[in-house]
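Order as written gives the chain letters A, B, C and D; numbering starts at 1 within each chain.
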Amino acid sequence: MQHARPLPNYLVQRFQGWKATSYAENHAWFRRLASEGQHPRAMIISCCDSRVHVTSIFGADTGEFFIHRNIANLVPPYQPDGQQHGTSAALEYAVTALKVAHVIVMGHSSCGGVQGCLDMCSGKAPALEEKSSFVGRWMDILRPGYEKVKDLPEEEISKALEQQAVLTSLENLMSFPFVRAAVEAEDLTLHGLWHEIGKGGLECFDPKLGGFVGI
Amino acid sequence: MQHARPLPNYLVQRFQGWKATSYAENHAWFRRLASEGQHPRAMIISCCDSRVHVTSIFGADTGEFFIHRNIANLVPPYQPDGQQHGTSAALEYAVTALKVAHVIVMGHSSCGGVQGCLDMCSGKAPALEEKSSFVGRWMDILRPGYEKVKDLPEEEISKALEQQAVLTSLENLMSFPFVRAAVEAEDLTLHGLWHEIGKGGLECFDPKLGGFVGI
Amino acid sequence: MQHARPLPNYLVQRFQGWKATSYAENHAWFRRLASEGQHPRAMIISCCDSRVHVTSIFGADTGEFFIHRNIANLVPPYQPDGQQHGTSAALEYAVTALKVAHVIVMGHSSCGGVQGCLDMCSGKAPALEEKSSFVGRWMDILRPGYEKVKDLPEEEISKALEQQAVLTSLENLMSFPFVRAAVEAEDLTLHGLWHEIGKGGLECFDPKLGGFVGI
Amino acid sequence: MQHARPLPNYLVQRFQGWKATSYAENHAWFRRLASEGQHPRAMIISCCDSRVHVTSIFGADTGEFFIHRNIANLVPPYQPDGQQHGTSAALEYAVTALKVAHVIVMGHSSCGGVQGCLDMCSGKAPALEEKSSFVGRWMDILRPGYEKVKDLPEEEISKALEQQAVLTSLENLMSFPFVRAAVEAEDLTLHGLWHEIGKGGLECFDPKLGGFVGI
């Protein structure tokens, strides 16, 4: 790989700072994490967006959450076709090998992936419809969600579709036999959240009310 | 989605603590992130492993890194077949929409996904060979890496294969036309790291030496 | 300008070293900074003193902080009289054009400007009282601060006046209508720091305690 | 000052990292800097722009450069009117108290202040003409420079005016009696630079050629 480059210097310095403080003060814990392996309590599925740090929001300690981050925090439906499914692999590992007690899907406001889906489905982004568009094909997962919100007033539709992304993922989670079995055995609970970046808000899906409720 | 459950109380409490402190003290910044959108400098591809917090290691500010996390920090080869490729979608969004300046792949010690690959390729984990194993099929990406390290002494092979996961990803990155074009136009640089959890170590791939070197 | 001279050779060499390393390894980032413009999170107002490098202390990446440096990190009161006010111009640009989320004022130990103010106010530096003394007239901004600390024991007075320089600046910041409006709209927060050069210390003003507290 | 807030947590962590590494490894030097005072070799006048780090470009050690940063790296003309002149105060301190051997003025590409001057002088920014505009009044210093470049082709005018900002500052520097005296006594040399952010370029004013020449 002759294309690889050295790490930018500001990151080298910050790493060394971390090592001399956070690591040095906790290295018994890091050594134990290394020797005993991880025992995370929950899997969190959130977006790649740089503005969403679940580790901050939930005060996560190292070793506490198994975190998968992809565009728009989507879980595709169960599809055991022998192809490469990164999200399904992460889910399988978390539920069957690590036996996490919770799977938490967290969406967020101003989501670029969801916006792309909205543009695509409403005919404003033909490039995303092309077969070669990875973002477009990935956001296909959310097409059924778009159908449910497309008639809402324009100022409500983004948030509604961001929340549909969470609900779609929760539904697709249940299509995985190992997830369904664990849920039915009450070894696993599923949770849906939506985070509002600007207001620092957090809403949780409540199945009784059929909607998201502020925490 | 009648299966969703309320958020566990300890997470509610931590969220409320975060909101009353980190959010409250910085909400001007969060509002600006919400209104102006994200401008991350780098995409980081790291593992879902709960013991690996790139945001801590690199003192990341909210908004600074676009982070994709999957099993074993793997990038599959370019395959524009109209199927769902979550990693490729994240990469496409980061490079073509956000125009990040760096893509950093970070592997780590004691990687469960890499261990699974090792077990599978050496015949010790037939379940992973099944078509329905998402982890197995995902780790297929690393089979060529296994071929390169399989004759090493047993005590060296895990680390070697974890580093091959980084190198495989760096090679596969270059198979994406938009990555190659950005690298060749010198708009993007690629970086390969391997993090040792227990010792708090960090090694960077150096193409001149053909190996990873401690930072 | 016939007085200009070539750059001293040691600086030419260092520049060329920087260009061949830090720039070369990160020039994708520098080009993006050039094409997209800056989006700094914070404005930092610190002293010109050669011993105070905020970019080092805070591991700053290029593009991260908008930095104004003047003698004794002073902000004069709001005075829209049509004259040239360099500090006020920098502040106006940061708050109204760049919309930074934080203004951080950082004072420091052994500050020569503060020492000059102390000498002037206690009658030991008549030259600084002259109308033509730019340093004296600039340090006039800190005269009210001197009144608050002048009766302290001699060994405490320098540090106390250095911290008054920070507090005076914080107060004067609020006299600018655009700062006050942004603070009241919770779009901007103000922070006061004092850095001890020899001990590598950092203290932050805590309004509840009414004093500076070590970090 | 009840408006002050605690330091954002990511800066606290980075500071602690700096203290445990850069400071800890060099504290003999920091203590000496504290006890002996500063002896900088040069004063650098550069822009507040977050993309311009003279300390990086010139590999500056702590204690090496006395740095004043304002909008568009401007030095106003000598005006000993008893008012507050922050730039003149910094200059006076550097030349008469610290006796620096060089004053280096460094401009740069994509300068927002220079762009504001261009807009203002060409009638496109009436708000900057108002008496209450600090940025407008500060950029008045560059009006004579605008007159010299206004007839250039549009694609050349920004760079030309950024370089005029440097030349205007160099000229105004010579209007300060203490600068002129030091220059004439050959105790001080003046230098004009222009830095191109995207290309990592550096040009130096050469009085023989009457223009800026790449280093």
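FYI, a residue touches a chain if its C-beta (ideal position, glycine included) is under 8 Å from a C-beta of that chain, and two chains touch if they have at least 3 such contacts.
For each chain, UniProt lists the protein as follows: A, B, C, D = Carbonic anhydrase.
Just so we're clear, the structure is a prediction, and the values are computed from it rather than from any experiment.
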item	value
Shared interface numbering between chain D (Carbonic anhydrase) and chain B (Carbonic anhydrase) [over half = same, under half = different]	different
CA centroid of chain A (Carbonic anhydrase) to CA centroid of chain C (Carbonic anhydrase), Å	41
Centre-to-centre distance between chain D (Carbonic anhydrase) and chain C (Carbonic anhydrase) (centres being mean Cα positions), rounded to whole Å	14
Residues of chain A (Carbonic anhydrase) whose C-beta touches two or more other chains	5-6, 8, 13-14, 16-18, 22, 24
Chain contact graph, described as a line, ring, star, complete graph or other shape	complete
Chain D (Carbonic anhydrase)-touching residues of chain B (Carbonic anhydrase), taken from the complex the two chains share	22, 25-26, 29, 59-62
Residues of chain A (Carbonic anhydrase) that touch chain B (Carbonic anhydrase) when the two form their complex	1-8, 11-12, 14-19, 22-24, 27, 30-31, 33-35, 37-38, 40, 42-43, 48-51, 53, 55-60, 62-71, 74, 76, 80-94, 97, 102, 104, 109-110, 112-113, 131-135, 137-141, 167, 170-171, 174, 183, 189-193, 196-200, 202, 204-207, 215
List of chain A (Carbonic anhydrase) residues in touch with chain D (Carbonic anhydrase) within their complex	13-14, 16-18, 20-22, 24
In the complex, chain C (Carbonic anhydrase) residues that touch chain B (Carbonic anhydrase)	25-29, 31-32, 36, 39, 41, 59, 61, 63-64, 99, 101-102, 182, 186-189
Contact set on chain A (Carbonic anhydrase) toward chain C (Carbonic anhydrase) in their complex	5-6, 8-10, 13-14, 17
